[in-house]
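Notes follow once the structure below has been shown.
Each chain carries a letter (A, B, C and D) given by its place in the written order, and its residues are counted from 1.
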């Protein structure tokens, strides 16, 4: 494309002053070079990350024994961690998505404007609360609070495998971690959903209302169809954040090594997540264990990438459909 | 958009930033302290980096504070990255000294690597921080729990699951034990505390697992010493093991452990006493004071579950400044004042006098090479 | 009209009342109060836990109001009321923990704050001696500033390339794809990468603030690119064409027309990106390390930062532990305050730079 | 089915701002009533107050009475949803639901009201409504296609079909032709003429010829002055308004000497 964009009328031959007449042209070239260079830096940086992860991670793929925390091989090791990572993220999403959509609706459609604006500000602020703060709160306050609930759950709903216990009275379970993650992604999903809801064309909303729709019917007929793809991608972005979150989980979750694969959400025996496992094990890791950890980082990278990519793809596809 | 409006925001911003930066040093950083340190410390300057066991963090804080107090131009850093990380960084030359809960060995070739790092001379290893590993518990109405080694390993291996188990009752004839479930708490992250505790269990209890820095059995996992204390303190019926000084600080009840015919509480003195009762590791250079802790000792007044954490350094450094700093800092640690400060402010067991002077001599011989 | 045949009872339709029976306007409030009262009874009289009582109250509210509405107003209104009740309850449920978080932070963090807390470092501080976060503040400011200086030009220029030059060609598509990939890099992986990179140049055990800035940049660049790209896309093509028609070269069109038009959005995006990375812990833990003393040099030695300070103050609180925890809460409060100030600043700057429309 | 509307002393506010003041009129059943007047004089606002659509805008409220066949729209017990169900509306710009097909667009209102609609009944309604909107012949072969795929005029007629599918008694049209070309406009005007036999139609238009062509009664709205609320200047049969208006300013506006 460089030929088309920078193509400029050639100055007539043998007339040097003409060249001097257009001092902007070099500026154009430099500016384009700068912006292209910046884009290339991203390429190089990403290539660097990818090469680093692969080179350092590959030796870990064949590890066995102590380096993979006593698991049979890397696949089993990573599999358990992936299980925990996904479980925590799924819990987070199951809780966060409906709450976020509800909150976003309140802000965009239900609350009076005087309330909606500060609510919106607050959500934006909460989206920027550092994860280490969530971790601190989760461990010193929320976990203990949840501990009592787990005892109750075990006593009253223990017949459900999810709550069969024995309950972790300290509350540092995968469920607590999932709930803290949910809190962390709620502001993200809410903020995006709110934007999308607010962008729903008034025309369509009025069309529905003029047909005699109740507020909810209007939302269902005019807002949700329009916002569907955006809601999905918001959720996926939230999922991406939940998957990669490190410190909050590392601080809140009581998991040993690679954790256990269980659906029991309230015990002291918990699955572990990839990111938390890296943060927790990296300091004591030597030799091959480091490679194993980096390889697990590669796995996490691939998962989050897949999620992000899926989100973008959904948005792109529906964007095309709407414009068609 | 007019240019002036950019400037309107830019100028005060830059000015504010410049002000902040020019304000410079922290309010407390120029104050000296009156700690007694070996002569010549005041002239030292530079940065000394150490890294390693988190168990040493609190005692290192005390030592660093006192040392920096009398050497204002020196900054000593100690990254509590963990023993493994500390040893690795030391071998790679990233730090001048390391703290490690286990002495160097050649299972992974680390002793050889360390010798190589120290220009071919044996690395110095000093058990500078010896502290009891206390078994903390949270059980209302029971203050002085006494347990034998077999019972402890039974509890932590999930064989003894309720507090009124006959085995516990036998050790505590006078206590009123409830029928609550025992919740054993362990370190979920790899740690020297787990390693030393499992060594003890394997040596004296009926413990089916190998000693390891990764906890082999089940229970509730917690991260770090503070995590264990947190969980034990917050969960009724739980029992866990953690650094004695911090357990005591947190106000948790501790178990007195059976040694011979008596039960010994986890005090620094009782823990320090084990160094004399233990045997040096064979085949080490004379600067390498690594010892094999004898957990089976029956000597009176010795607490058998201890964490012996080493300071690892070189005999020679290529850099004059580094050599001086290491020498100065370690000399202070091994001085009587340093030992006293460690005991008073961090709950570390003072080294037995003969060991201390031996170590001080070794450190005195650190040279530039 | 044909409709008359289709509709069996046209007169009924004609008389379709506008004034169907409706619940009084105070109905939601009444039900809410009743539900809360029930929850209160459960909690205070029957001794249920707070959580259970609140849950019961919420369920009662969500069930009772629509049921009443169904009996009086019919099913469509009932569904409408059900959804309204649900979204408000969702708001409450999500806000209670968030408010609790902020409250806990204020409650535990405020006592730690004092002039000394901001001007002292932790050098030579142990036990309950007065220490402070000055060193961590300095580190956080310097590292974040450096990360911003790296990320913003790269990010904005990349966005310019994508929108103004690339516009759909294969290179631009690839870059867009890669930026998406980059948003997926877990922060800890960014830290590991920065560490590996700096070990290549400076040897093992390297710790420097600049490394942290590089790690943060990797997290920050995609955010800046994304937001800037969106903002540039919003600039109508008519503006660009108007500039071209005046004979303005492309790069001047970009710097004089496109960028100023979207400046408020870009500034907001950048500030939010800063707020996003200023709280990152994991990468700084690995590459910037930990120290107790003030360090102004980004390129030498360890540098303390607020998130790392919080993390270590919690995990290694020292003996006794209470002052350590207090400092952790205090620092967390300060960190959040910084993030919030940045957010508010972003909005103000956004407003200040926004093209004046005269409205 | 059509109903007449009586408006008395109606004031419309946005927050504290009085937008329209003191409107009195009677809109006859089975007739077309047109509102004309300069921009910003409150025609659309007034129109939207007839089915309580103005309430969509936060802060909007009304004082005075609007009676539809004797039933007040602003009684405390009145459900705006029921009001809009019976008083349909067509907007300035065509706004078919972008995610729905032509078929679903027509049925959107019916689907809201009855849970189950038999396929045959639904087909009937779609055909009848599209025929009613003079669109059937153009779209009968592509009912499953998106409504957004139609031309602007077709989209607007689709919106009319959607509005009449729920069999309202009044149809409000807010400048329904302003976004359309002359041919589409003519089609809509024809349609309005046809619909008049069954519906009460109220239309806001900027086009005086259009008002003259389609309406039976015409109301002229104007501002009392800059910053003042809009008000109804004159309300009379269309022929009278255009031939011999009561008010001078009406005549000035119609003859283009306004201002």
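Methods note: a residue touches a chain if its C-beta (ideal position, glycine included) is under 8 Å from a C-beta of that chain, and two chains touch if they have at least 3 such contacts.
Bear in mind the structure is a predicted one, so any value in this text is a computation, not a measurement.
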Of all other chains, the one whose Cα centre sits farthest from chain B: D
Between chain A and chain B, centroid-to-centroid distance (C-alpha), Å: 37
Between chain C and chain D, centroid-to-centroid distance (C-alpha), Å: 44
CA centroid of chain A to CA centroid of chain D, Å: 47
Length of the line joining the C-alpha centres of chain B and chain C, rounded to whole Å: 38
Interface hub residues of chain B, defined as touching at least two other chains: 223, 227
Shared-contact residues (touching 2 or more other chains) in chain C: 76-77, 80, 314
Chain D residues counted as touching two or more neighbouring chains: 81-83, 85-86, 112-113
Inter-chain touch pairs (all): A-B, A-C, A-D, B-C, C-D
For the chain B and chain A complex, residues of the former touching the latter: 81-85, 87-88, 108, 181, 183, 186, 188-191, 213-215, 218-223, 227, 230-231, 234-238
Touch list for chain A against partner chain D, complex: 112-113, 201-214, 217, 221-222, 225-226, 228, 322, 324
In the complex, chain C residues that touch chain B: 116, 119-121, 123-127, 130-132, 134-135, 141, 145, 203-207, 260, 263, 289-294, 296, 301-302, 312, 314-321, 349, 352-353, 355
Residues on chain A engaged by chain C in the complex (per definition of touch): 1, 5, 24-25, 27-28, 30-32, 34-39, 41-43, 45-46, 48-49, 52-53, 56, 98-103, 105-106, 110, 119, 122, 124-126, 128-137, 139-142, 145, 148-149, 152, 183, 186-187, 190, 214-217, 219, 240, 243-244, 246-247, 251, 274-275, 278-279, 282, 294, 297, 300-301, 304-305, 307-309, 312
Residues on chain B engaged by chain C in the complex (per definition of touch): 1, 5, 9, 17, 20-21, 24-29, 33, 47, 49, 51, 54, 57-58, 61-62, 64-66, 68-69, 75, 77, 79-80, 89, 92-95, 223-224, 226-227, 229, 245-246, 249-250, 345-347
